[in-house]
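Both of the next two complexes hold chain A, though its partner changes from chain B to chain C.
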Partner chain A sequence: MATKKLAFIVRSLPYKTEASRLALTHAIASQTVEIYLNDGDLVEASVSYVGDGVLNCLKGQQGMKHYGITTIEGHAKNSLLLDMRVLICKEDLDKFGLTEDNILMDAEDIGGETKANVVSYGEIQKEMDAATHILVC
Partner chain B sequence: MKLAVLMSDYRNGIDMIDRLSAESLGIILVGNGVYHAAVKEGGKTSSLLDKKANFYALTEDFETRGITAANLDSRVKAVNYGDVVDIIFNDYEKVVWI
Partner chain C sequence: MGKLTIGTFSSLVGSLSLDFSVKLAEAAVKKGHKVDFWMSGNATMLAKKGQKAFKDYSFLAKPIQELIATGNFQICACEACAEARGYHKEDCPDGFIRKSMDWYLASTFDADRVLHIGGD
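Coming up: the complex of A and B.
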């Protein structure tokens, strides 16, 4: 029995490229891979936002209204709905003058119980140390 | 020369804009360029906004990213796609995309 830990590190800005969206898509999709694993083996994914990547977490994104696309915000809510571990770098939020009021912290409106965690970069470093695979997007 | 610049990046391109010389310069922030209009790093607004230019930000793109018109720097005017077309055709002779 083994657990493979995947640490997705989102550092890119949203929308211009698909990188940050793909991080979420792959992290969420990783939960379905267990049907291909041996009994007892597990895959655990986490998503951490660092640097410019924290701007993916801004509340009130209106991609659906303007371009008919699912927002990164909506994608991130889905990850919380699946109880995924979501970390947001506090130092980088501070750099941009953002607080928890400005960013997506939960998915309560769609029934999610897990909350995002604003943590120091040191905690994100620990997440990477503990991961089997690190995927920077 | 009256020059309009469509700026679609946040981390790259300011060096190019710094070297552009125009009698009248309009900088239209689109895509990830809209972060120049609203984001402050370390409490400072983007150095791009210190250029002598008219600044516009595309509403569709900043609202997509969770930014509201109220978040924009006072030097930046919110515009929609129709406005951008008017600006390009009526106010400037040439257009570049960075």
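Coming up: the complex of A and C.
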């Protein structure tokens, strides 16, 4: 029995490419990975947003209105609903003049109990140090 | 020998990141390692049969078939990403697998190293 930790590091802009969306859908896929593993083995994913990637966390995204696709905000909300550890780089939020009021911090409206964490880059570095594998998207 | 899991989102032809990933897989297999190769997003275009070789574009179909023939190389495309791009199981070259994203995460479980190329 073992748990392997995957740290998804999202640094891509939302919507410009598919990368940040794929980071989230892959991280969420950790919920069903057991079908391929032995009993008791787990893969645990966390998601950290750094650099331009913090823009994926903006509230009020209009992906459906403008592109006819689900929003990255929706996927981010699902990751919180699934109790995934979510870290958002404070220094990078500051660079864009963003605060916790501007970004998705919880999934309470869909029954989620886990909140996102706005942390220093040092904390995200610790998350990467603790991970078995790092996946930069 | 070890196991390397490579995941990539980078597109066929449109970027050389996919070429780099395949070259890395070749080098690892040549050294006796096993490689799982996962494709999501635009990278799934590599899992489309009927690619033609032109001198202006990279042609990865041949090295991939050689890698598959070694028995130490598994290549898997994200099924949803492929379907979204309009090609289906019957469009896949021989030896390719199509699965959902949890296949990739499961592959990382016993991988000695994971190299994820997440850009486009």
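Everything below uses one rule, namely that the second predicted complex is superposed on the first by the 137 of 137 C-alpha atoms of A that agree within 3 Å, B and C clash if a C-alpha of one lies under 4 Å from a C-alpha of the other, contacts with A are read in each partner's own complex, and residues count from 1 in each chain.
What we mean here is this: a contact is a pair of C-beta atoms (placed from the backbone, for glycine too) under 8 Å apart; a residue touches a chain by one contact, two chains touch by 3 or more.
Only a predicted model underlies this, so the values are computations on that prediction, with no experimental measurement involved.
S.K.: After lining both complexes up on chain A, report clash or fit for chain B versus chain C.
M.R.: In the arrangement built by aligning on chain A, the partners chain C and chain B fit side by side.
S.K.: For the three-chain arrangement built by superposition, which of chain B and chain C touches the greater number of chain A residues?
M.R.: When the residues of chain A touched by each partner are counted, C comes out ahead.
S.K.: Angle at chain A, chain B to chain C, CA centres, as a multiple of 10°?
M.R.: Vertex chain A, arms to chain B and chain C: 90 degrees.
S.K.: A:136 in the overlay: touching chain B, chain C, both, or neither? Say first, second, both or neither.
M.R.: A:136 sits against chain C, while chain B stays out of touch.
S.K.: Contacts for A:121 in the overlay, against chain B (first) and chain C (second): which applies, first, second, both or neither?
M.R.: neither
S.K.: After lining up the shared chain so the two structures overlap, which partner does A:63 touch, if you call chain B first and chain C second: first, second, both or neither?
M.R.: The first partner, chain B, only.
S.K.: Report for A:45: first if it touches chain B alone, second if chain C alone, otherwise both or neither.
M.R.: second
S.K.: Aligned on chain A, what is the least Cα gap between chain B and chain C? Give it in whole Å.
M.R.: 14
S.K.: Residues of chain B touching chain A in their complex?
M.R.: Against chain A, the touching part of chain B is residues 8-11, 31-32, 35, 39-43, 60-61, 63-68.
S.K.: Looking at the complex, which residues from chain C come into contact with chain A?
M.R.: Residue list for chain C touching chain A: 7, 9, 40-42, 100-106, 108-109, 111, 113-114, 116, 118-120.
S.K.: Using the touch definition up top, name the residues of chain A that touch chain C in the complex.
M.R.: Chain A reaches chain C through residues 2, 4, 6, 12, 17-19, 22-23, 25-26, 29-30, 32-33, 35-37, 41, 43, 45, 132-137.
S.K.: Quick check: in the complex, which residue numbers of chain A touch chain B?
M.R.: Listed in rising order, the residues of chain A that touch chain B are 13-16, 52, 55, 58-63, 65-67, 71, 73, 95-97.
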